[in-house]
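Chains: A, B and C, in written order; residue numbering restarts at 1 for each.
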């Protein structure tokens, strides 16, 4: 049985659809990419799973199964606890994702102590282990630092450590390298890959960068306008994608090996075809 | 999303209309006081002293809201008191506005020496307890309408100055000012013609607030017996007398208090409503 | 290091402001018409008495000379002698100070309590009727000055439901075994809860009148600040860890939301202290403000000077403390 299963998930803001009948599965230990342009809804999927949809946005239909439990039917308290113990988030912007008023050490371990009932000493030991894993030097000193004393790259490592702290079975990584310097991006990606392999965690990797997908992920879901266009393995995708939009995406990727090739945006015709598909979908739902 | 914004702008702001409504009634009542007042506000009649309001036992028809210890009609005094209150609100409010906003504009736009001096003055001024300062000024200048107005201006100009200074500073840093300077316009001209219109909405909002404050300060001063004169029917002196005779004639305190309350509330809500109207995005 | 330097700079600035205040009040009240000396003398006093008293209080010298004498006195702690009570101004003023401080601080605590609860409740139930209700009552409370609240309470609790006292600081029948004038504080320390209760029942109404406008401002500012903080990423991240809404508001958002409101609340607190002048008068509370009004009515120049200077010192000190607290609480500034 898959660890995460989305069945016909519908999310709206008011009457405006944001996610349209989204279905996907993530097995234990699987690394799946959520691919799409900005506004395609990939972040929203992560938010819906983790229960952090903004106030005005709500799940209006469908199911989310986490380790067999239907999140939609659980009481709020139980849902929170389930998500907190079995899932985690690696957020996008390390500069705003850490509480500026608190030292970073407790921010890694607070979930362990408050939600999972660990003893403080055990939690602190775990923090040091984790900091070693993410290659942060002098962990005892860094633990007691405030976020503003650390660089962006270091902060992202802290956030990664925090995500793996409770040995979650699923991690949602929401474009974790977009806000970083190019030089640091590669390191962080490598770190995430290594840790995923070491801990065997399932990863839902939200990204718009196909290069990252090819290096890290085994399977992928392509989204446009909140609708799943293609669900396939990464190998299959790069050999020859099924959907016209996916093909256009692939073609639009700048080829670093051939700097003289011109950039090809996704053709109008393809976009219009996809939007027609979406309109049909909406019609049928009515 | 865009429709939501438009809806906010178009929505009829209830507090705007309610407060403007009360103030309108007040202005009309004040102007028509000689016609509406049942008695002469200053006329004393010891045979008609401490009469309760109409709906209570022992009331008399000529004194609908009752009378005070000297037999003066409460309603008439409230109506004539409105004249004084509104006069003070208008004149003191406007003068404070002109002085405070003027100094604030100069400090915020020119910066440098003028700003240092004016800001220092603002600091010193704000170290004075306002009510005490006003009472002191009245003691120095004596009672009377001019003294009240001067006192209000002197204690509250800093309210305008600080806010307008901050706004002038942020406006002054904007591109349209830079392009005006490059075009060779005189600094004073820029301040008047470019900055002032953009700061005007804030000035208007503060002005309505200030008028409410002027009414309150006048009431406080006449409560402490230092306003126009002890005879004139100000709301504050009525409240002072009412406070002293609260157990025997509560109506002498209650009715001017309600009027004062509604008036101050209306000025304030008018200001808030105008603020909404000018910049609903902020909400 | 920079913290100490900023502190010293602020201290110097404070001093300049106080000197400015002293100059202004000194010269303003000497333009006062009305002869304070004449008020002190019994009818039928002769010219020599007037001259003698004038010399005693230094009114026979030129104004700048008087200022010099007065400032020299201040440096050595002599603020002059009150004309009405013949006592040293410093003693009188410091004698009344505790009453006003206790009242102001009680009002501050009430304001923070009420305002804080309103802001937190409004955040917990944002978008619902509760928040709208809080906004409306807040709007009204903001528009009504302390003077009016005081009068309202006098009406309600003086006439309709006499639960609280509306006059004085303490019941005259009580015997007060106190060393300082900090009655409220000392009654707690000495475990005299009967006196403490009596004090509170006298102070409750004036303190509440002072507190409501400040509470409304705190509620509005804090709610707005919380609203912005709740959108930040670290708050969202805390939710994914399994924390409840209440925890997220109180332990993640609140500590960060409080800081930006601190400076403004500090300024508003000085306004509250200024309000004690009229509120004390209204409730016949024996504090600085009440004494000040009497001093002005009686043209007691040295006393007026002393009280105004003291208020100015209080205001500037509060501002300084607020800035200091802000610098201390902001981790960024603390570790520079």
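Here is the rule we use: a contact is a pair of C-beta atoms (placed from the backbone, for glycine too) under 8 Å apart; a residue touches a chain by one contact, two chains touch by 3 or more.
For clarity, every value in this text was computed on a predicted model and none was experimentally measured.
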Inset, instruction - Per the contact rule at the top, check every chain pair and give me the one with the most C-beta pairs in contact. - result: B-C
Legend entry - Reference subunit A; chain at largest CA-centroid distance: B
Legend entry - Inter-chain centre distance, subunit A versus subunit C - centres from mean C-alpha coordinates, in Å: 53
Legend entry - Distance between chain centroids, defined by C-alpha means - subunit A, subunit B (Å): 57
Legend entry - Separation of mean Cα positions, subunit C and subunit B [Å, integer]: 23
Inset, instruction - Find every residue in subunit A that makes contact with two or more other chains and list them. - result: none
Inset, instruction - Could you pull out which subunit C residues touch subunit A in their complex? - result: 126-127, 232-234, 236-244, 247, 252, 255-256, 331-332, 335
Inset, instruction - Mind listing the subunit B positions that touch subunit C in their complex? - result: 15, 120-121, 123-124, 126-133, 135-137, 139-140, 142, 212-213, 216, 219-220, 223-224, 239, 243, 246-247, 250, 253-254, 257, 260-261, 264-265, 267-269, 272
Legend entry - Of subunit A, residues touching subunit C in the complex: 50-52, 55, 77, 80-81, 83-85, 87-89, 91-93, 96-101, 110-111, 114-115, 146, 148-149, 159
Inset, instruction - Would you mind writing out the residues of subunit C in touch with subunit B in their complex? - result: 13, 16-18, 20-21, 24-25, 28-29, 31-34, 139-140, 142-145, 147-148, 151-152, 154-155, 158-159, 270-271, 273-275, 277-278, 281-282, 289, 292-293, 296-297, 299, 304, 307-308, 311-312, 315-316
